[in-house]
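Two complexes are shown next, each including chain A; its partner changes from chain B in the first to chain C in the second.
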Partner chain A sequence: MSYLTDNQNNDYLLMGNEAIARGALEGGVNVASGYPGTPSSEIIEALSSVAKERNLYVEWSINEKVALEVAASASFAGLRTMCVMKQNGVNVASDFLLHLASSGTRGGMVLVACDDPGALSSVNEGESRPFARLVEIPLLEPGDFQEAKDITKWAFELSEEIRNIVMIRSVTRMSHASGNVRYERLPDTNAKADFRFDGPLSDPETGPVISMVVGISELQHVPQQEKIKKAAEIFEDCPFNTYEGPEKPELLIITSSACTLYSREAISLLNVKDRVGILKLATTWPLPPRLIKKYLSVTDRILVVEEVLPILEENIKILAAEMAHEIGPKTFYGKNAGNIPSVGELNPDIVVSALSTILDVRVESVSESFVKEAAALIETGIPVRGLTMCPGCPHRASLWSIHNALEMDGRKGFVCGDIGCYVAGLWPGGFNTVKTLHSMGSGSGIAGGFGKLRQFGMDQPVLSICGDSTFFHAAMPALANAIHHKSPFTMIILDNRGAAMTGFQPHPGTPVNAMGEAVPSLDIAEICRAMGATVEIRNPFDIEETQQTLHHLIEHQEGTKVLILSQACALSPERKDNPKYRMKVDEEICIGGNCGCNRLCTRIFGCPGLLWDEEKGVSKINDIMCTGCGVCADICPAGAIKREEVAEYVG
Partner chain B sequence: MSDNLLKDPYNIIITGVGGQGNVMASRLLGNMLVGRGYYVTIGETFGASQRGGSVMSHMRISKKSIWSPQIPEYKADLIIAIEPVEGIRVLARYGNPAVKLLCNSHPVYPSSVIRGETGYPSPEKIESSVRDLAPDTTFMNATEKAVSLGNSILAGIVLLGTACGAGVLPLDREDFHETIVNRLENQQVELNMKAFDMGFRLLKN
Partner chain C sequence: MNISGPNELLENVINRNLCTGCGACVDLCPYFKSYRGKTTMLFPCTLPQGRCFAYCPRLEVDLDYLSGKYFEKPYNSDPLGFYKSIVTSRASEKFTGNSFQAGGTVSAIMYFALERGYIDGAVLTGQEGILPTPRIVMNPEDVLSCGSSKYTAAPTLSAVNRAIEEGLNRIGIVSTPCQALSTAMLRANPLEEKDFTDPVGLVVGIFCTWALDFRAFEPFIASRVDINTITKTDIPPPPAEVMEVYTSDGSKLQIPLEEIRNLVPDACSYCMDMTSEFSDISVGVLEGDPGRNTLIIRTERGKMIVDEAVREGYLIVDDMPEINLEHLKWAAGNKKKKALLKAHKEGMVNNPGKDKISYIRLNNETLEEIIA
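Showing the complex of A and B:
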C-alpha cells in the first residue's frame, strides 16, 4: 500500500502536489489527466501510482487541451474528474475551457493549475488566475499543505453544487514545498459512468452537453453567471477564508496562497502581531462581498500581498469602491503603491520590507559587518553556477553538430528553439545556437514562416528543434502547415524517448502509459513521412555522420525536411549508471594550451564530465560526473581523449 | 541527541548542485522529524532549470505549526552543504555568526569554471572565508566517503549522519533507520545506513 492511500487519520509529510493528489482521492476522483510541466507533474504521477489500487483511470495526455477534454468526458458521464497542468498549459487548454465553462459539468470537475512565480522552472511567469475570471469559473487557492488537500476534496463538492468546473491554483512554493497533512478517510471506489443525452437541450442533467448556441446566449450564459453568483454566496461562509489578528488592527493584510505563510513570518519577525491582522482568502474569484466588507471595515489601511499581477488587489479595490459610502475611504498598499513587486516570487523578507516602511518598524538582524563581509565574498570570491546540460546529454552533441554545420555553411543560418532541456541552446553551454524561443511547438511554426521569406530575399538557412514529447504536443500542426505550404526548412526532432525534462513521463511515442500498461507507440518518423516530409534518423553521438547529414540538409534547401536525432537522455533508466565507454585522457598526446585547439574540449564543448588540470596543463575526465557517452573523443583534434568499451554495458 | 529543539522554529538549509540528492536528503530528514511529532515545512527548488544549477532545500522544524517554505535572510541555524561553493552562497545570504555549517569539501565545478572563464576558489580560500563568517564549521570529504561505498550520491546521507550525530537535532540513528526502512527499497537500506554511520560518528561526543 502506498502512503498516499493510508485509510487512517494519520499525519504525513506531503509535498503540496501530493496533498492535492490525496485530496482528490478523498474527494472520490475517478479520472485524472494532465500534461507534464513543472511544478505540476507530481500530482498525476502520485495518482497514477495508486490507479490500480483505487480503481482510477489516469492519463498523461498528448497536450493540455486534450487532457481537459478527456477529463470533461468523465464529468459528463457523472464521474468525478480532475485535470492538471502548469500555468502555460492553461493557455493551451483555454479554448476548450471557455466552452466547457459554458456547457457546464455534471460529475465534480476540478482543474488544477500550478503557476511558477519567478519562472523558477518555466520560460515565463505567466498567470493562470485571470482565466478564472475570463471564463467565469470559481478560483480556489490553498494557503498551506493541509488546505491543499482539504480544498481539493471540497472543490469536487463545490463543482457539483454549481454544476461547473472549479479551478484550483497552486504555486511552486506550495506544489514543490512540503508540510504536515492529516488524512481523512477515503470513499468507496465503485462509481459507474453513464452519459445521459435524451432530455431537452435546456436540461443540464439529462440533455446534450453543448457550449454556446449561436445567437441565444441566454440559454447558457445566463445560467453560467447564476452559477458564479451562487459560488460567491457559498464563499461568504467558506471555512477556508480565515482572519487572524486583533479586532481593530492598524493594518490589514489581505493575502492568499503561499503569501499567507510569508505574511505570517513577516509579522512574527517584526513582532507586530498586535498591530497587523491577516485576512487569508482561499476563494479568490469571485470574492465574497459581505466577507470583504466586514474586514475592510476593521481598519482604514490595507496591504494586499500576492505574487506577480495585482489581481486580488484590483478585485478588492473594485469592491471597496462600491462600498465606499458604507465603509469610508481606504488607503491601499501593494503593487500599485510600490510596496510589493509585480514580478518574481515573494518571500518573507519582501513582506518584512513592505511592513517596515508602512509601520515604520525595523527588524533585528545580523551586524552590518557580517552583511558587508558576506556580500563581498559573493561578489569577489565565488563563481556563478550557470545552467547547462547534464554530462553526457544528447542535446549537447546535437547542438554541437548543428552549430558547426551552420558555421561552416556561413550564410547566417539559425535555429528556432522550443520548450525542453534544449532551451540551453540559447546559452554558451548550447553554443548560442537558438535564436527564437517561445511556447510549445512554436519553433517549428516560426521556422515554417521564415522559410516563406525567400520571396523577400532572405536566404539564411532555417532549422527548428523540438523534443519528442513537444512534437506530439504542438509541433505536428506546424510541420503539416509547412509541408502543405512548401516551406523550405529542416525540423530537427531531438528524440530522447520521453518527457525527460519533467521526469520521463510517457507520451504517444512511448510503449507504456501513465499507469504502466503496454500501449501502442506512434512512430514519429512514420508520422512525418505520412505527412510528406523526407525523414533522416541519426544518432547524435555519431558526430561525423550527424554533421554530414546536416551539411547536406542545409545545402539542399528544397521542401520541408525532418531529421530525427535519436538518443536516450543521460538520466534515463536505460543510460543511468550504464556507461558505454570508460573515458581517459592520454596526457602524452594532450598538449593543452599549446595545441591549436586552445582546449576546445573544456572551453567550448564544456561537458561537465571534463575538467582542465591547471597544474599539468592537460584535459582530464571527471570520473564522478562522466557518463561514458564517448562524444568528447571525437571532439579532440589531437585524438588525446580515448574511449574504452565497458564490458558490463547493456545496449 | 538533543531532546528538544534548540530554537522554534529551527531552520535548516540543505544545499548543493542539481543531481546531488538534495531533495532526497531533505525528504528523509523531514520524515524523521514528522515521525518524532514535529511540524516540518520544506521549501525547495527543483525541475529542469536546476539540472547542474544551485539547489536549496529550506527546512523549518517546529513544535507549534508549519512555517514559510522560505527561510528569511540570515536566519538559518544549520546549513548542510553538499557542495562547498553552494555552502558559501547560502551562508552569505542565510547565515549568521551562530550558524552551524557542515560542508562537503568536494567541489562540483560550474560550467564557467570548466570553460575557463572564472576560477574556482582553492580549498584554503574556501576554508578561511567560511570560518571568518561561521566559526562553527566542519569540513569533510563526504563525496570521497560516498565513493568508497560505491556511489557519490550517498554524500548527502553521510552529511545527514553528521548532522544527526552532532547533537543539534532531536534525532538518533534509529530514526534514520526507521525512515529508510519505510521509504527505500530493501537492498538500499544497508548501504544508506553505512553512509549515515560514516557521518554520524564524526561529531558524536
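Showing the complex of A and C:
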C-alpha cells in the first residue's frame, strides 16, 4: 500500500501535488489524464502509482486537448474524473474546454492547472486563471497544503452540483513545496460507467451531450450562466474563504493561493497583526459578492496580493464600483498602484515592502551588511555556468552537427526551435543554432511557413527541431501541412525516447503507458514516411555521419524532409549509470589553449564532463560528471581524448 | 613580421571577400573549414596570433622577405618572378593514354618525384563530381588520376595541413599561385616555432589567371549540361576566348569566356601572380600547342628534379619560342600591374605600423615600377 492510499485519519507530509492527488482519491476519482509539464507532472504520476490499487484509469495523453477529451468522456458516463496540465497546456486544451463548459458535465470533473509565475521551468508565465472567466466555469485556488487536498475533494462535489467542470489552479510554490496534510477516509471503488443519451436534447442527465445548439441560447448559454450564478451562491458560504485579523483593520489584504503564505509572513515580520487583516479567497471566480461586500465594508484601504496579472484585483474593483453607493469610496493598492509587480513570482519581501510603504512602517528584514556579504560569497563560491545541457546529452551532439552543417553551408540557414531541453540551442551552450522559439510544435509550423517564402526571395535553408513527445503532441499537423503544401524544409526530430525534460513520462512512441502496462509503440519514422516525407535516421553520437546527412539534406532544398536523430537521454534509465566508454585525456597529446585547438572541448563544446586544468594547460575528464558517451573524442582535433570500452556496459 | 590571429583574418579577408579559398587555414584546427569551395569559421577562436593568419596569402605578405628567403634577392618587377630558365615540355610516351590538361608535365614530374622518393607524398587536387577536392597521394599511379585542371578554386592546402599532421616531411605540392605563396609563407616558419622543420619537398606551381567560385559555377554549368557527364573542361590559350566542356557522349560545349567572367570571385582581382612565382617550377599551357606546356624552372631543386626526369625519360623538354615568352611576359605583367594598382588604391599595400594590416608589403622601388 502506498502512503497515498492510507485509509486512516493520519497526518502526512505531502508535496502540494501529492495533496491534490490525495484529494482526488478522497473525492472518488475514477479516471485521470494529463500531459506532462512542470510544475504539474507529479499529480498524474502519483495517481498512476496507485491506479491498480484504487481501480483507476490513468493516462499520459498525447496532448492537453486530448487529455481533457479523455477525461470528459468519463464524466459523461457518470464517473468522477480529473485532468491535469501546466498553464501552457490550458491554451492547448482551451478549444475543447470552451465547448465542454458549454455542454456541461455529469460525473464530477476537475481540471487542475499548475501555473508557473516567474516561468521557473516554462517558456513564459502565461496565466490559466483568465480561462475560468472566459469559458464561464468556477475557479478554486488552495491557499495551503491541507486545502490543496480538501479543495480538490470538494471540487468534485461542486462540479456535480452545478453540472459543470471546475478548475483548480495551483502554482509552482504550492505544487512543489510540502506541508502537513490530515487525511480523511477514502470512498469505495466500485463505480460503473453508464453514458446515457436516449433522453431529450434539453435533459442534461439523459440527453446527448453537445456543446452548441445553433441559435438557441436558451438550451446552452442560459443554463451555463445559471450554473456560474449557482456557484457564486455556493461560494458565499465556502469554508475555504477565510478572514483573519482585527474587526476593523486599517488595511485589508485580499489574496489567494501561495500569496496567502507570503502575506501572513509579511504581516508577522512587520508586526502589524493589529492593523492589517487578510481575506483569503479560495473561490476566485466567480467572486461571491455578499462576502466581498462584507469585507470591503470593514476598511477603506485594500491591498490585493496576487501573482502576475491583476485578475483578482480587477474583479474586486468591478464589485466595489457596483457597490460604491453602499460601501463608499475605497483606496486600492496592488498592481495598478505599483505596489506589487505584475511579472514574476512574489515572496514575503515584496509584500513587506508594499506594506511598509502603505502603512509607513520601516523594517530591515535582513541587514545591509548581510546582503553585501551574501552577494560577495555568491561571487566567489559558485562557479559561473552558462545555460547548457547535461553531460552526455544527445542534444549537444545534435546541435553541434546542425550548427556546423549550417555554418559550412554558409547560406545563413537557421533553426526554428521548440519547447524541450533543446531550448538551450538559443544560447552558446547549444551553439546559438535556434532562431525562433514559441509553443510546442510551432517550430515546425513556422519552418513550414518559411519554406513557402521562396516566392519572396528567401533562399536560406530552413530547419526545425522538435522532440519525440512534441512530435506527437503538436508537430504532426505542422508536418502534414508542410508536406501537403510542398514546403521545402527539414524537420529534425530529436528522439531521446521519452518526455525527458519532465521526467520520462511515456508517449505514443514508447512501449509502456502511465500505469506501466505494455502498449503498442508508434514508429515515428513510419508515420513521417506514410505522410510523404523523405526520412533519414541517424545516431547523433556519430557526428561525422550526422553532419554528412545534414549537408545532403540541406544542400538541395526540395520537398519536406525528416531527419530523426535518435539517442536516449543521458538521464534515461537505459543510459544512467551505464557508461559505454571510460574517457581519458592524454596530457601529452592535448594541445590545450595553443594554436591548433584553443580548448575546443571546454571552451566551445562545453560538455560538463570536461574540465580545464589551468595549471597544466590541458583538459581533463571530470569522472563524476562524464557519462561516457564518447562524443568528445570525435571533436578533439588532436585525438587527445581517448575512449576505452567499459566491460560492464549494457547495450 | 606582423602576425595577428583568426579574428583579424575573418575581418580582413573572409568578411571582405578577399579569401581565395586556398585552404591554408583549413584543418589547422577545428575552427576554419571549407565546404563546397567556401572557407568559413565555425566558432570564435580568441588567440591573438595564429597559424591561420600567418599562412594566409591575403595578409601581411612580405614579398621582399620571401624573395630574400627563397631567391636571395629583394622582390623585383619581373612579370615572371625569379627563374633560372624557361623551356617547353611534355610528359614522355611512358604516360600515353592518360588524361592531362596540356602536356602532362605536372603529372609526369609528380609521378617521378614520388617514385624516386624526392617527395614522400603528393598533395594534389582531384574531384568528386565537379567539386575539386584536395587529395594526399602516396602512390605514383594515383598521381595520374588527379590530372587535368579544375577551373574552380580548391582548398588544396588543407591537405598539406593534414599531411603534416600525418607525419609527412617531404611533401610535394601542386599549387595555384596563391597556394604557392601561402606554402612559401608556411615554410618560412613565421611564428618561429621551436621544433619546426620544413615539411615541403617540392612545389610545382601552375599558372592561373583566375579560379571560378564553385558555388556560382555549379548552377551555371548545371543549367547547360548534365554535370555527371562532364569529362574535362579546358580554357585554351588566347585568342580562343572560350571554355570548352567535354562530355561523355563525345560532344563539346563552348561557352564564351564573357559569360563566365562574372563567376570569377572578387578575390582573384587582387592576385598579382600569374605564374606561381614562389615555387620550384611553374607550369602553364603553351600558347598555340595544346599538347605542350610552358615550364619555368626557378630553384636549384626544381632544376635538379627536371633534369633528372628528362634524363630518366619521364619528361621531354624543348626550347621556348621567343614569341611565346613575349606573350607570356605581357600577360603576367598585365595581371601583376592591375592587381597591385587595385590593392594600392584601396590602401592595402605597405601600410605603416602594426595597427593597420597590409595585404602586401614590397620595396617602394619595385612597387613604383610595377604600377607605373
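Assume the second predicted complex is superposed on the first by the 631 of 651 C-alpha atoms of A that agree within 3 Å, B and C clash if a C-alpha of one lies under 4 Å from a C-alpha of the other, contacts with A are read in each partner's own complex, and residues count from 1 in each chain.
Rule of thumb we're sticking to: a residue touches a chain if its C-beta (ideal position, glycine included) is under 8 Å from a C-beta of that chain, and two chains touch if they have at least 3 such contacts.
These figures come from a predicted structure and were not determined experimentally.
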Broader residue contact with chain A after superposition on the shared chain, chain B or chain C: B
Which superposed partner A:Leu600 touches (first chain B, second chain C, both, neither): second
First, second, both or neither for A:Ala177, with chain B first and chain C second: first
Which superposed partner A:Asn347 touches (first chain B, second chain C, both, neither): first
Which of chain B and chain C A:Met501 touches, first, second, both or neither: first
Which superposed partner A:Leu610 touches (first chain B, second chain C, both, neither): first
Touching both chain C and chain B, counted on chain A across the two superposed complexes: 603-604
Parts of chain A lying in touch with chain B, wherever the complex brings them together: 11-13, 38-39, 120-121, 144-145, 172-173, 176-180, 258, 261-262, 264-265, 269, 347-349, 352, 365-367, 370-371, 373-375, 377-378, 381-390, 420-421, 428-429, 501-502, 599, 602-604, 606-608, 610-612, 622, 624-625
Contact footprint of chain C on chain A as seen in their complex: 403-404, 407-410, 431, 551, 593, 595-598, 600, 603-604, 635, 637
Contacting residues of chain B [partner chain A, same complex]: 17, 19, 27, 30-31, 34, 39-54, 66-74, 85-86, 88-89, 91-93, 95-97, 108-116, 118-121, 125, 129, 132-133, 143, 147, 152
Residues of chain C defined as touching chain A within the complex: 28-31, 33-36, 38, 40-43, 45-47, 49-52, 191
